[in-house]
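Would you mind keeping the following structure in view while I ask a few things?
Chain nomenclature is as follows: A, B, C and D, assigned in order of appearance, with residue numbering initiated at 1 for each chain independently.
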């Protein structure tokens, strides 16, 4: 497909490198930047035929089949509106909006104009995440009870991200959007997020927004989804996910410990995004873009457009993420659990019951079965009627 | 020292193995159990000269210098009372009480009677924890911003622990007591814990108490301490701690990933406490008791008694832990942040201010300094007066 | 590019999955198999327009621009000959030949006929390997002293691989070809491999060939390259590389520990190539093909063909690998260090000197400088003239 | 027990710290050093009642029950001789001798005089090693096929160790002694080591001895034991062991990756023995002495003396280790496999046969059984009579 890139900053470059790699048939044909020199430099670096500082022009270029928004958060809505007017398919970087209200307007625009709206949530396309979700769906770890997604690093690259007006928030909006959607993916997107408790603080940086937050999202089926986000982390980029299920466990380290370790006295060059040092023990990532999900993401998006199916991550998902983050921001200020307000819920209405106790026999529930050091089997049981807890040993 | 052991169950055996190992000069001289056969079996196994089913007798035995309480939680208070009456030094397993009120009574008893009251919080004596605290105190990771302590496994060994009346709760009381005190240790025991937010649920087991909980403890200096506890974890015993500081990071894996990996088709025997399998990839622990802190704990306790100094973990610490857990239980039911009620606070009264922003020059605060792939240094600054955020590049 | 696939077995399927993924512009247009039903099944699975059991027909198909040999080892030479006759570019799976003599004939054929000869050594295209080599070339770990490459698993998938006549050997030919070329890549392909010492044995499997071998390859510059290969490993597929340099260290875990851990009681499905179990702790790989280097390999090959440059791995490299393996087989039987016989060496003729001692001052060489626990700096020096070793402490 | 310490250097301090820790009943009562000031400083640091620069005096002190030799290698023989004369039990640090001849004389002396001769091979007492050996003996990994023990760091602390005359060699004698005995422990001490192939080089340091070596030790039962030793490693102290068995695998990381990770910008102090840096990612060890086996080693030695049993590591073991190292040194210079010369072999004479092939049914041996991605079971079999290899699929 032919792509118009809106924006020429850090994330636009990461996207472009993935799009133009590995003999893909898609290509960027024009780039827009507010600053024409940046546009030209970008076009030169990626061998693009066109560049411009007129957004409408980029979008309406006759070759362009899909528009890719890589702009600061406060410019997403305007850019989506322009795509909708021009009837060009649109892919938008994360977060979709600064608020659910903003995201909902964007969702409305793409649905009203009949264009494709893909949500570029790359971390839901990492090889590890995709294989995990597949395993969960195949039943490998049973019923999901808890998920944790953590993203922490020493803070974003771009200046506008430190400005709350433009970004919509701090670590919650920057990193929380990933974590919240990862949690949804593990638990099941058809399950409704119900309420959120969040703590946040500005611990280190001289900014208005939060640089550290922890939140809990409760789902209708009793599962709990935890996010941990920080711009105060030292040591690189910490991307970790965990899932607890009734039949198993998943631990993912997405960036800082991937089986690649290097010690150097310091004579090398650039090792990894957000690494803080070039000496001592370093943990480079083999293929950063692939580990971060970009290639899989674009493959899904373009195949979805071509075949008329939905992508794994749509504007609707972006809207739900913003709704959860809205509740998180509110909770951080009210210090209460706050409901997730979703006007337009499209998933399951009735929650699965989370309570299925294991029956041992007619009289007892099974609390625990364990093999002791001496080989005996220890059973802890609960009487279904009296509630009494008893212990039995079996050879 | 000569020790009377009260209790003959799982934890008593772990203690005894540590006490009688490595040519230590201390020894258990009598054991009390409610069941005389268990007492005899224990005495036989550890070559003790005496055993009894009369607790007073065990405590008052003339050889006994110190009593070690390894009884179910609901019997701690009574046992401490007996020690106080007999004026025998006492060490009590964790948690100290089922509630802060109960713990406070025990604290009062030992202080009134002038006996030594050691709190057997083994996980604050693991080699990794002790060295971490030392590093933090030497400034290696700067100001502590956040700690996380996680303990999760498939549930306790003993039947009484599944009975809320006897234990005082579920995973919060069983595992949370460790995690909360680990957090205090990292942050500094002189810093007052202020309030707690806790989520808990009974997700899997047919019990009254919670089998899963997550909590946040806010400290007077702005640090936040997270605990994650569960009896629903599959895969062994998950003991992990993390600390984020302004100048560094600590990650501890205390049990399940300690540099010891084994694959077996299944022909071996007992591999590790709470391992769920004897085949596939297994992660044994070299010296379980040592990794769990028992030897260091008893060394500290006995040396403290002999030299008249305080132990690292005293009944006062046990009381603070119970106060934090009380707030956690309350929060889990009210869904609010709940204050930590400490009638008798002995630490610092005035909080350190957590906000120290880094000045870049007269005009600006430094938000971020970063080396870009091309070698440039990118600076993100905030104007001290106008609050404007600017970006500068330096070659 | 349009590809003819020769072979329809395990490796052909791995290749085809990579070639037809991620919106690549290249495609397989025909498949040859000795068994027409296998050819048809393969064509169906990958939506190919053609299939055949006539190899010449597949190669000479007018659409075909490049032929990909995925046949058993004993059929490589014949297939390369057919490509040379048809003047079609050829990519050949590893090892190139069963012996250096065979490989040399193939090299000769492609060079004489002017076609492109790409050697499909995928493990020299893994993201981790490519980034490591880049780091080494940038000087990050100084002068390379030692490399180790290890590949071990429970044995190959295909029956012919267990038959020495068809395969050319056992674990040495199957796995050693990877390890030897990885070592060359770390040390530098311009450095001549000089001699080899190898131990091998048939320890477990009822076969003629070796199922376990360890070898040392000495290079002209004094570097040593170790390979460890086995079909007797239990626990999955063990792919690890290590490099020691004067200024640093590299440790790569290519498959079994990549930051993805799962525990399951056993209700899932296929987890990873060569995993031995579906329960217990499992270590899946996010994107197996990518971690094994296939996408990068095909990108390099096709770009090399299109631009007329050499690929990273050519038939010449395949020939050198076979020459080293010949010496390894010979050494395993003679029990001596055996020279690597290369009639046609195209790299550097003069070895770099490996001995550059560090001067401390005019009088001394520096043996070691170390910071002691008490903060002192301990120096161990050697007198340049007398050879005497002295120790000095500096505050 | 009452101990005389001979030597006051690095290793003597490590020993003393372990001996005087954890409320052990044993104690050092005197220390000998060639330099009286060092002796006094040592005595002060460890609160010893006596110190001297007269070795005989230290040994013959009436309180002394056991002598602990912590002297440079070239002084071991003389010190053992003095103990034998004085009829005092003796524990000697590793390696026992510089050569097997020297070790054998020492063995003879202790046996002739009837004193206890303990060989202080600490790395055969680490918690991980002891538990591994126990697992192997219980059959958890089947028949041992291969072991690897690796010790590498940036070189020893003491000046004399860099002097070949005093030490007896370089990395082989310093580190190889550990690795060789670890291999024996895994394979079984009753199995005779038969021959050795070794490569060594002086790659980096301006010394006469080797600073890097790799060796293979072949045992009578077909098992192979690999050692990798180097003084050229960068990044800390690399202590790793691996074992391959027919039914399983063991991987031990003894020091550099033990579940304890720290990132620091550099404000801390001493982190770990042989760490090369105080900033970046660091990998401290919780309890260095315990991880290195000292406490378990002394416990075994003193209990062996008190109960009249043999220790796990005796002078005889030290002699065998030296015999293997002699063969390694010889092989490194002749470039041939060299026999291990043991005049006085006390283990099994007849080797177990290493070849036990698995029968599938009357007609076939089983080469391999594997579950394919589609769920089929693939069998590779070998005809017992014809040797033909066939493949069968089972649903």
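As a convention for this text, a residue touches a chain if its C-beta (ideal position, glycine included) is under 8 Å from a C-beta of that chain, and two chains touch if they have at least 3 such contacts.
Remember, it's a predicted structure, so these values are computed and weren't measured experimentally.
Taking chain C out in thought, with all other chains where they are, everything left is connected by touch in one piece.
Rounded to a multiple of 5, the C-alpha superposition of chain C onto chain D involves a rotation of 180 degrees. Each chain gets a centre from the mean of its Cα atoms; the one farthest from the centre of chain A is D.
Between the CA-based centres of chain C and chain D the separation comes to 33 Å, rounded to the whole angstrom.
Here the CA centre of chain A is 36 Å from the CA centre of chain C.
Computed from the mean C-alpha positions, the centre of chain A lies at a distance of 49 Å from the centre of chain D. Within chain C, contacts with two or more other chains are made by residues 141, 234-235, 247-249, 263, 265.
Chain contact topology: the protein chains form a complete graph, every chain touching every other one.
Every residue of chain D that touches chain C in the complex is listed here, in rising order: 141, 145-146, 152, 154-160, 162-163, 197, 199, 201-208, 212, 214, 216, 218, 222, 224, 226, 230, 232-235, 244-249, 269-270, 335-337, 354-355, 357-358, 365, 367-368, 370-371, 373, 375, 378, 380, 382, 387, 389-391. Interface residues of chain B, counted against chain D in their complex, comprise 21-26, 126-128, 130-132, 135, 138-142, 247-254, 257-269, 271, 278, 284-287, 290-291, 295-296, 298-299, 302-303. Note for the complex: chain D touches chain A at residues 234-236, 263, 265, 276-277, 279-283.
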